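Please find one structure pasted underneath; my questions will follow.
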Amino acid sequence: MNFASDNHFGASAQILGALAAIGQAPQPAYGNDAVTARVTQRLCEIFERDVAVYPVINGTTANSLALATLVPPHGAIFCHAEAHIAVDECGAPEFFTHGAKLVPITGKDAKLTPAAIDKALAHFQKGFVHHAQPAAISLTQATELGTVYTPGELAAIAALARRHGMKLHVDGARFANALAGLGCTPAELTWKNGVDVLSFGATKNGALAAEAVIFFDPQDARDFEYRRKKSGHLLSKMRFVSAQLEAYLADDHWLANARRANALAQRLAQGLAAAKGVTIAHPVAANAVFARMPAALAKRLRAEGVLFYDWGVPDGDHVVTRLMLSFATPEEDVARLIELAR
Amino acid sequence: MNFASDNHFGASAQILGALAAIGQAPQPAYGNDAVTARVTQRLCEIFERDVAVYPVINGTTANSLALATLVPPHGAIFCHAEAHIAVDECGAPEFFTHGAKLVPITGKDAKLTPAAIDKALAHFQKGFVHHAQPAAISLTQATELGTVYTPGELAAIAALARRHGMKLHVDGARFANALAGLGCTPAELTWKNGVDVLSFGATKNGALAAEAVIFFDPQDARDFEYRRKKSGHLLSKMRFVSAQLEAYLADDHWLANARRANALAQRLAQGLAAAKGVTIAHPVAANAVFARMPAALAKRLRAEGVLFYDWGVPDGDHVVTRLMLSFATPEEDVARLIELAR
Amino acid sequence: MNFASDNHFGASAQILGALAAIGQAPQPAYGNDAVTARVTQRLCEIFERDVAVYPVINGTTANSLALATLVPPHGAIFCHAEAHIAVDECGAPEFFTHGAKLVPITGKDAKLTPAAIDKALAHFQKGFVHHAQPAAISLTQATELGTVYTPGELAAIAALARRHGMKLHVDGARFANALAGLGCTPAELTWKNGVDVLSFGATKNGALAAEAVIFFDPQDARDFEYRRKKSGHLLSKMRFVSAQLEAYLADDHWLANARRANALAQRLAQGLAAAKGVTIAHPVAANAVFARMPAALAKRLRAEGVLFYDWGVPDGDHVVTRLMLSFATPEEDVARLIELAR
Amino acid sequence: MNFASDNHFGASAQILGALAAIGQAPQPAYGNDAVTARVTQRLCEIFERDVAVYPVINGTTANSLALATLVPPHGAIFCHAEAHIAVDECGAPEFFTHGAKLVPITGKDAKLTPAAIDKALAHFQKGFVHHAQPAAISLTQATELGTVYTPGELAAIAALARRHGMKLHVDGARFANALAGLGCTPAELTWKNGVDVLSFGATKNGALAAEAVIFFDPQDARDFEYRRKKSGHLLSKMRFVSAQLEAYLADDHWLANARRANALAQRLAQGLAAAKGVTIAHPVAANAVFARMPAALAKRLRAEGVLFYDWGVPDGDHVVTRLMLSFATPEEDVARLIELAR
């Protein structure tokens, strides 16, 4: 029973089928193929505007290339202290940006607030050559703690970004889950509320290795293509990445997968909340459940073969556990886990 | 009729089938999976020693990460002036090494010789802080002009590298083609003759996006894993890359593909050589044919739908054309091209 | 009346005289001169062991080169959130280290404690490729708030560094002031209590542009010289930097300068503490006085021509002001400032 | 008798005197001082237009910062194969530009020609993401072989640069010598003939450690100031660098020094040319003499205490020697060397 990570699961049959369908016939290389063109077109439709689309293989790359395109080496990127870019990418954003500074900001439920960002900004004087210069805000949607930013929250942060001449990046490794949870449109969850660039995730939600960097103003993409090439992320047979995205977007496969994972998360959260000594640590708005439980219970679950991570520092004899739900998590695993917890 | 590039073709049925077989079941992420372990084991067998194996998605990445691991920012890398790393990677090696210097060396048939390297080395004083410090030699096998280094030639270059405290890297984007052409063992074409690290290619020879960096002395791999992670090249679902390599190596699929492409190259070269005004510009030792022909003929072929690149600067009313043969090039295309050329 | 910064003052007559004495006669370039050799020898005596000495022009460079030599691109550097390297160098350490991560830690009086570092370390898993790897602790001596680390405090932090395989760097832009305040030996304030590398400052204490990076174990210096050259910090006429250091160290000039500045700081602190509504915000252990005072008083002082900075965010109608004392601050300016404050 | 390098000599009395005159009084730090303002003004007069001026400590830094400001990481810089930036800066331009590519071009007398640059450019396809993108031409004035570019030659290269959207940088470590040799105005030797940015040298011609980066269109300077700060080259007591430049420019001190060195070079060249077996290898247009002589003679001169470097690879029993003349080379040393050679 794997609740350790949504990236432990493989790829969906639809997406694997799309790869097989590509076959061995020749097509132009390096993204100049028909599949990549179709995916770009499809994303323009989905986001209701002309966007610049760059397929890449994973989220670390999407985030790093997006940020490096918008942030100079002397720039500062404001993000949550628990953001994936800050803690789980081994300094990839610093590598791609040639040394820009990530400014970690604490906040409830892994969410940034305008007030918290404002407070952090107070340490940076504009045009003062000794200080890194505020260049971007990066937030994660859904967050690392399974919470989401509402369109209104996005708009407030975007307004702050604008006032300070910063760009707004969204790490959307679980964008589909956030969208499914919020029930708004992709446009509302991005550019209509001020998002400049999105790391549009697919890998955790059914693809093998596919994300897209989406610039809502294609002008912002500037030298992205050179950065992608220089960092080894321009694939010769790019259509195999694009085909994943095409299948992901076809027939609302992406939303169906996300809804399924989210629904399982709701079911699991409700089931666990009813168990003795278990509380849900953060609002469950996407496909993650953070359950605070007795360490003894966590130990017992592991003994039964349940895989999951503890999160943060143990607190007396309780631990906070992270339980991830995936497009492919068997329903019976959820039922069985609830049963075990009771 | 696509003779433009071996990377224009898609992926072989065996390799696509291997991806489908992975399915959606969970496995540990980031290369800690069973498939990756099996591929590593298989490559140890093939190369007849314990090697360190790191799957990546393409050749630019394999080359850049291999070199960055062995070469400090103040190091110099000696390579042919026509090497892929020097001319076709937009400075990726410089990016990954944080600014090491590629020293381009000219030479016949895109091949380095000990004498030419020695001459270039004369400009670099060891321990002299003003000079970049010689750190690695990188050669391409098969070369960008479809020629190969014999084991003896490798050994001579490796001996030079040792004398100067340099490492020897091989860009093996077409390693299988070189091997098939030379008929020696993988070990003979690498560590037995002094190669330290190999970019072991699969993408051009039947995979979607898969290569392996192979360090013949695992000690040399040092901080490779951090470099791969920081550059976005550690995939969460790494088994989908490893599975390509596994299928590639199974049942000599890689060698069969390479032999097929090489045989087509021989056939094409012989056919073209018999055409009026056509000469073969470089020895055909792998899967590339460089045919010097009247510009009018090249034009006529293109009008018939034959895709290929001109190579280098036109020479009067003749051009040198590059004709690449692939694992998937239809035999009839070769026959048809010969026919058209006559 | 300039209390804005100790780096606003020029250079002492002794040090300027040493430059004049160099004259125009030829000597070997790039540090291979007699003056540099003598300074190295003198620092070995002062620190009571063989040390590796590299003159550079300023503190940002000394810090960045020292850290880049010890910390890989995937490394993490633990420092106080108010450390000069974290907030006032525009990301220079990130540039020189090719993207290592500075981990800012809060703490009273701009000082790190083992407990606070330990808490920060809990977020970094050793050998876990997704996390930046703890590589160094950097502390400032005297700190940015004019406080100092005692030898015992250093030893405790050094012990922690050792346990975690990290190096200990000291930003000693005001090392002389710390030493003068503590009254111990240079060796006690460094390697005898676990410091690995020191940015030994002179610029703020009487030189024009001179610091020395001192590695207490010369083995640690590794490729420092290439890094200094590549970053433009190897001067051809290095003896003009070394001559500043030689004069700085001669006849205890450095300590005399520091004692003078420290004594003025004590006098100023006592004088201000007696003024109505003024309190001293941090212990005065070196040459800085942080005085909390009514904003109206600060305004009045400025109107009288007193130069100084406010520090941090205003607190109601009070501000914290930073008043720096220098080797060259006129005594009468101190007396006058006290008088004005009363 | 030192003919090894013009940077072996110390600093002129005028320049050392200017430092002493600064003294210890406070002034604003980081270049916001009166001296720096005056130097900027003076250079605007000398170059007959509003220019952006940034003092730095040496030529490697001036070159690297100038190029990094104009060339993106994916850019290519075309320079002579013997250019200082290519062979004597240990990869500093690559470090500052984050990995841009230097394209070495061979040519007589260390000079670039439009034809040679054009030939090199043929290998770079504009907008082709696999190729580094031509961004700048860098030439050295006077060259590393003591030759100069005439205003007409500059204009031709600048025209080529414009056609290809490239900027033109001049490494003017010996700009004064070139100017003195050519007898034109500073404006004619720079922007009036298409130069965009100049590394204006002073160190080799009488200063301790001072150069200025001069952008002829201040718009080009863009984020220069952040780059200077991040690389440790913004000095707190910048006026000590600016004061060197001020004294250097006062009363034509710079031109007098250069004329003196150039005149000594002429005298030495004529004297040596008359010696048996000695020929002058390159036109003597500045302060360097390259004399081809019997190895036995070179050996004998060294035995007499003459310091100089051999240049390039020995040629049978002859060597090419480089003899540098400086603002401070004693006249009698020149006379004595000629005598010894006869």
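When the chains are written out, they are named A, B, C and D in that same order, and each has its own residue count from 1.
The working rule: a contact is a pair of C-beta atoms (placed from the backbone, for glycine too) under 8 Å apart; a residue touches a chain by one contact, two chains touch by 3 or more.
Because the structure is predicted, anything quoted here is derived from the model rather than measured.
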item	value
Contact-richer chain pair (by C-beta pairs counted) among A-C and C-D	C-D
From chain B, the most remote chain by mean C-alpha position	C
Geometric centre distance via CA averages, chain D-chain C, whole Å	34
Length of the line joining the C-alpha centres of chain B and chain C, rounded to whole Å	50
Distance between the centres, which are taken as Cα means, of chain C and chain A, whole angstrom	41
Two or more partner chains touched - positions in chain B	73-74, 89-91, 95, 98-99, 129-130, 226, 229-230, 234
Chain B contact footprint on chain D (complex, rising order)	73-74, 87-91, 94-95, 97-102, 104, 122-123, 129-132, 313
Chain B partner contacts - residues on chain C that touch it in the complex	30, 72-74, 98-99, 129-130, 133, 223, 225-230, 234
Chain A-facing residues of chain B, complex	2, 4-5, 7-13, 16-17, 19-20, 22-29, 56-58, 60-61, 64-65, 89-92, 95-96, 203-204, 206, 208-209, 226, 229-237, 239-241, 326-328
